[in-house]
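Everything below concerns the one structure shown next.
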Amino acid sequence: MEVLDVLGAFMPQLLLVLFALALPALDYLFKDKRVLAFATLAPLVGYALALVSWTVGGYWEPPTDGVSPHLIEIDMFSGLFALAFVSVGIIVVLSSPEFIRGERNQGEYYALILLAVTGMTVVAMSTDLIILFVGLEIAGIASFALSGFSKGEKRSAEAATKYFIVGGFSSALTLFAISLFYGVAGTTEIAALGPEMSAMLSAVDGTRSVAVMATVMLIAGLGFKIAAVPFHMWAPDVYEGAPTPISGLLAAASKKMGVAALFKIFLIGIIATKSDWDVALGAMAILTMTVGNVIAVVQTNIKRMLAYSSIAQAGYILIVLPIGTDYAVAGGLFHVVTHAFMKSGAFMVVAALVVRGVGESIDDYRGLAKRSPLLALAMTLFLLSLAGIPPLAGFASKFVLFSSAVDAALVPGQSWLIWLAVAGVLNSALSLYYYARVIKRMYMEKGSDDKVSVPRMAGTAILFASVMTVLLGVYFDAVFDLCQQAAAALFGT
Amino acid sequence: MLEYAWLIPVFPFAAFILISILPKRTLSWEDGAGYAIGGALGAFALSMLVIWDVIAGNTMVGDGPKFEWLVIGDISVVFGIWIDELTAIMLVVVSVVGTLVVFYSGGYMHGEGERRRRYYAEITLFISVMYGLVISDSYLQMFIFWELVGLCSYLLIGFWYEKPSAASAAKRAFIVTRVGDIMFMAGIIILFKYVGSLDFATLFDGGAGAAVPTDMMVLATALIFGGAIGKSAQFPLHEWLPDAMEGPTTVSALIHAATMVKAGVYLTARSYPLLVQAPESLMLVAVIGGVTALIAATVALVATDIKRVLAYSTISQLGYMTLALGAGGYLVVYAGSGAGYSAALLHLMNHAFFKALLFLCAGSVIHAVGTNDMRFMGGLGKKMRITSLTMLFGAIAISGIPPFSGFWSKDEVLAAVYSAGEFDSLFFLLWAMGIATAFMTAFYMFRMWFMTFAGDPRSDYQAHESPRLMTVPLIILAALAFSSGFALFIGDGFGMFAEHSIGSLFHGAHHGSAMDLLAGIFGDPLTYVSLVLAAAGILVAYAVYGKPGFDRSVFAKGVGGALQRALENRWYISKFYDDFAVKVVYGLSLVADAFDRYVIDGMVNGFAFLGTKSGEILRRAQSGNVQRYASLIVVGLCLLLIFMLYIVPWGGW
Amino acid sequence: MIPIEYWLVFSSLLFSIGAYGVLTRRNAIVVLMCIEIMLNSANINLVMFSSYHSVLHVGVDPSGQVFTLFSIAIAAAEVAVGLAILLSVYRRYQTIEVDKINILRW
Amino acid sequence: MLENVPVLSLTILLPLVGALVTFTLGKRESMAKWVALAFSAAAFLLSLAVAFEFVVDPYSAAPGELDGYSNGYQFYESHVWIESLGINYIVGVDGISLPLFVLTTLLCMLSIIFSWDTDHRPKEYFGLMLILEVGVLGVFVALDYFMFYVFWEIVLIPMYLMIGIWGGPNKDYAAIKFFIYTHIASLAMLIAIMAMYFEAGLRTFSIEAIAEVSVDFSSGLQLAIFAAMFFGFGVKLPMVPFHTWLPDAHVEAPTAGSVLLAGLLLKMGGYGLIRVAIPSLPSGAEDMVFVMAAIAVASILYGAILCLAQADLKKMVAYSSISHMGFVLLGYATLGELGVVAGVFQMFAHGLVTAVLFMMCGVVQHKCGTRMIPLLGGLASRMPVAATLMTVGFLASLGLPGLVSFAAEFMVFAAMFFKWGMWIFLPITAVAVTAAYYLWALQRSMFGPMTNRIETSHVRDVDWYEGVPVAVLIVLIAVFGVFPALVFSRIGPAVEIALRAFGGG
């Protein structure tokens, strides 16, 4: 039983992996491929319920004993991230059956989704650079394969190639950075990085440049994951080429994995050197949101537009790092949660429309309000939420996020942080322009008169996402409370 | 009785409401003339009672019923009624002329059909607010009615709105008088600041007046007089009044001769307790009055439109009153005499009667002939006996021939101006201008009369005498035009009115009996100067226009020609305003519009364009080549490295 | 013992060579191999630092070595998926030259 | 009668419910206007009840006599909303918000009546109108910054859609410009709100609670926050040079949209300044006084001058709003009781008057098919009632005494003179310009000979659903012009509280 105790903390992951392994087998057994989707949903929903009952209700305590304290740790922080990842997983899986109907090897598709989610949760829980890297790679490799899943699609293959090459390159950067950190700190445990490194730096000359190099390479490597400018170039291509539900997964979950990793490394590991990297990251955050939004303005493909909007959202979250207060982290987490719903929701609407033969061009959305009022309404909700219009979820989280910059800027000597808030709100306004353009197409222009019905399962996913988008905007007390607990957990206070 | 004086405006106002909202069928005779007459008569009756009370020696100055208009903190604006002798004079004018004009309208507007309803609504509204203006007990209340009479004037000038000239004249009248109103408003705001109240009772109390610094008092009184300049059509804001003749003649008679345009004079008279504290303002009043009197009279010399002649004459006579008030102020300040003041008031009343008479006669003529242009009239005297006779009464009265009313007041005015010269020799010049004006007045009035009634018809028309509804008011007014000057012999040379109205400032104009007064007037050589000039004016008019065969082209030569052109172009003042409005103001607005469109909005659009354009440019970087993407990662990495090592190396390791 | 700088220079060179290859080689297979080189340079670092830490610290620090094992396994998996993707690309594009794969852009 | 009834919440809720009902009508589209009218009328009646139950001078009332009374706010409700951030649901009205509150329900109801013949997507049209009403009402009663901001932003969406769907030919540009321009301004305000929240350090967004602390903020910070708020509210107001969204939005918006835009949305800016910015940040306000005054005077003059150049009747009215809202700002800039009360009253007055103007522009548009003044002329003979109503509206707008705007304008001028003396001659000239452009427009469109530049044979007079709302408004304009004390007496005490920080005004 000791083995099981040791693995106790890994139980959820093991469960997911188990199902992932079983799915290809199920693929052979059942003709009705929807079974696969339900089989995928089962562990995800179970996991989600467990997480909810723990984080929200406090009815269940996750196992935290065994070796896990050195490698992974289940706390509010990881729990919240895991909840976000699993929620996105559920939404993606729900809208997949209709989307990939007719594809071969659907079992693998679902299995890969489960694996990707597994990897992400591992990253969120990791306390050690080794396990963090492993998690990144599990999720990464699974998503390389997923983005190339539509084998009949030229674009899908291309997306996979690009994703894979840039992803591999970034993995190498990350690994090299980790190796350097390991070199200057002598440990791979995240919490010990800072103290050990300080000791080493004062003991050995010339290590500063190595440490800076390591920091920079880590920013680059993880910057790839969250698609921060200038490491973002892959994102639009991949989001456009990948199967739409997978684009949703990448934008809403995979990116958040990068955020989790960044938070852990920068805010726990090397927080001691904050004054070295905060301006650089602040500048990068502003650059990221601006470039993302500015290019999104001129996009004509909705998936590409959403991709650029994701880049911008990454910029918003990035401001947490230079601010570095637990309120900011809570805001960042909150935005991770809300963004998970609104961005995946938006992609799922696109997916549902693709299923019904509506194209991916923004112009194809003309008159959608007449053709499918519900989908148009849901899309409007998601887009307005992304733009930060109250009383929707995106507003609430952006409010906390930007306010954390204001909060920190009121501290003497840090007033430059106000520019993060200013850049954030200006970018929000800019983003409104292209979101509103889609709304305009849907509501103000005339399109074809054919009605568009809502695919049932995708509809469920969209409904779920929209309910959450509204709920988290109107009443977010409980969730924000969780985020604050999670932030406290991250800082260990 | 006085505490019910606030009911005076209520009668015509009720008529206004009824005429406005009653369904067409229930409106009786002439589409509401009945209601209008009823309202006017009600107000007339009540006014007479009030006047009776005033003559009996009762006044209500600051102690009547009150209406709290608004309160902000410790500032409270309260309205009430103010009845004194000055009010009584205006009440006489408004009630008599107003009632007669409404009667007259019953005949004059007969042919207007459906529109009569609007006419009666507007004219009753006017009468109502004019009463309101007269009985106001604070500057603000007065200003409110002041603007409302302006509104009615606007509406009635534009009565025939489909005529472009009428629509334009209405607008012009409103805007030009509003320039004056703005000054008025600024003036009372100044008083408001220093005294904290706009009640006459507070302001005219000597102590409150001391609260205002001297220069501010000069400014405030000058600005308030600015309101009078606009409303009473004084130079340089006088050009709207001739244009206002586009309205029905009844309107010209009532509003633009007898009542509303007197409001400016009334305001100046009302402000006397303040004006006498600011001699500079008094001089301004006098100069403006003198200049106005002269300039308007010159233009009237050549006008061919019968109503325009009367309009310029009105302006000129208003200038007289203003001049008298200005000079009277000096007399008050330096001699303690109210002669100028009482002269102005007497002239105000007299002028109201004879000018209303002249206008209504002109209306009668126009009604009969169908044109305003005197060049196409002539020879009407035989066909329109009553009209020509009553108009002759008016012309004599205005020319200052004794014993008609105009003589008494005009003589008093000139005498007052002359005696003010004792304190500032500028008044001698003004007196000279007044005398010259008297000459011209006699000339152009008889020119008009001769051109209209004498000689032979110069065009084809079937003229006939107007109906009784119109001629009876003419006869009544003619009687008044003859007799109202005798009011000079009431109460110390009309000075009773002055005395009570401005209270402690001075004592009666002339002490003594009527015989003393007469002796004073006819014992003064200056009286004969003006008489001779008036008679000369009439004679010249007869020579040139009354007798056939005079070659008038002699005027059109040389300097005379240039002068005539200048006069026909109204000294180019109107043109100047038009140019100012069209070229300067409208030009400015066009420039501003372009500025708004291209500079301010251009910046907004520029930002938007910048956004999309930079998006287009940045988008090109997304070449689709994955190795470029990877290269950019390396570039970014290097930049970050440089940034962290060299640009912002905060240290901390 | 070989001075640590030598190791660092070596691994950095290796890394740079790999990176250069990724950025310039047009054949996707070669790009794949260059990524492996980069990963391996990191592995060298890990192993090297592990042994140096063992000298500096009291006792043995195995985590670098362990890490290397993990990363080798991951690299293998990555190559497997990568090759599969390249195969699928070849089917669609009839080429695996990375600069020809660019219908997704702007 | 209204004790223990959450009447303000109900008033906000009613249109919301109405909107949901309207949206779910399905095929029964023709029912939409009835539903909308019913709910907006109910809200109007409720707000009237509030107005009648409102205690004019709460300071003279004995303690305990007033239920739900807090700091001058009546019908006060307070509930915890988001505890972790200190966000509460607090509503209440005082003398400043009451006139605007009633104005909102009134104008919404009248606009719905005015839009009676809307047949293009009526469900959405009336539903959005009700949502707009919810937002505006919320802004006027919210006493919590977060709530305030939420309602503030809710307003944008229905207006964006109204312009975008039912707008004129250039609607795309106008709608997005309106949306983004005013959104940017709101965001500036949002940052200011955040700064106040954190600097106060009370963990509450309650406007009252923060105001108690924020008056003692350092003057530099106050200035910064006030500047941000001023920008946020000022764009909405709108102030020169941030006004260019307004003419575009108005020209393209459907008539009812313009009515609500000018009648209510602009008021939100003015309301925000006096509810939030000035009382909470006295030192900041004092430091900005000259900026405020300069901008106000510029708005008054520049707006008026621009009106002269406009050929589009509606655009002219739109620019006139800039000019008239400048008076609000000018009143505030004096930071004295007189000016501020007058400014608040001017908002109320402008709400009534501008609604009439835009409705009449709408009538001209509907009946003649164009609003371009050069194409019009002589319409008075074909549509006498419309001409009369329009004339009264124009006269009210140019500040004719006896109508509602005069009291406000006069008192603003007085307040300005009290404070700055002769500078008054700058804005006061606008009075003449205002008269000029209104009367000139009237002359060219309604008077003169009948135009032959457009087909006029089919031009009719106003329909009942157009005439009734305008007539109601005109009656109110006259009533409040003669009895402004009805409103002033309620505004006064509230402003006194608002200006407490300035040492008794």
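Per-chain residue numbering starts at 1, and chain names A, B, C and D are given in the order in which the chains are listed.
Rule of thumb we're sticking to: a residue touches a chain if its C-beta (ideal position, glycine included) is under 8 Å from a C-beta of that chain, and two chains touch if they have at least 3 such contacts.
Please read these numbers as outputs of a predicted model, since none were measured by experiment.
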Where are there more C-beta contacts: B-C or A-B? A-B
Ranking chains by how close their C-alpha centroid sits to the total C-alpha centroid puts first chain D
So the centre of each chain is just the mean of its C-alpha atoms; given that, what is the distance between subunit B and subunit C in Å? 96
Approximately how many whole Å separate the CA-defined centres of subunit A and subunit B? 77
Distance between chain centroids, defined by C-alpha means - subunit C, subunit D (Å): 65
Please tell me the distance, in whole Å, between the geometric centres of subunit A and subunit C computed from their C-alpha atoms. 25
Where in subunit A do residues touch at least two different other chains? 161-162, 165, 169, 173, 236-237, 430, 433
Two or more other chains in contact with one residue: find those residues in subunit C. 19, 22, 31, 98, 101-105
Topology of the chain contact graph, where touching chains are joined (line, ring, star, complete, other): other
Chain pairs that touch, all of them, please. A-B, A-C, A-D, B-C, B-D
Contact footprint of subunit B on subunit D as seen in their complex: 177, 181, 241, 243-245, 302, 305-310, 337-338, 341-342, 378, 380-381, 391, 395, 400-402, 406-407, 410-411, 413-414, 417-418, 424-425, 428-429, 431-433, 435-436, 439-440, 442-443, 446-450, 484-485, 488-489, 492, 496, 505
Could you pull out which subunit A residues touch subunit B in their complex? 161-162, 165-166, 169-170, 173, 198, 201, 208-209, 211-213, 215-217, 219-220, 223-224, 229-231, 233-234, 236-237, 272-277, 279-280, 283-284, 291, 294-299, 430, 433
Taking the touch rule as given, give the residues of subunit C at its contact with subunit A in the complex, in rising order. 8, 11, 15, 18-19, 22, 28, 31-32, 35, 38-39, 41-43, 45-46, 48-50, 52-53, 56-57, 61, 63-64, 66-67, 70-71, 74, 77-78, 81-82, 84-86, 88-89, 91-93, 98, 101-105
So in the complex, the part of subunit C that touches subunit B is made up of which residues? 19, 22-24, 31, 98-99, 101-106
Under the touch definition given earlier, write down the residues of subunit D that touch subunit A in their complex. 81-85, 146, 149-150, 153-154, 156-157, 160-161, 164-165, 171-172, 175-176, 179-180, 183-184, 187-188, 190-191, 194-195, 197-199, 221
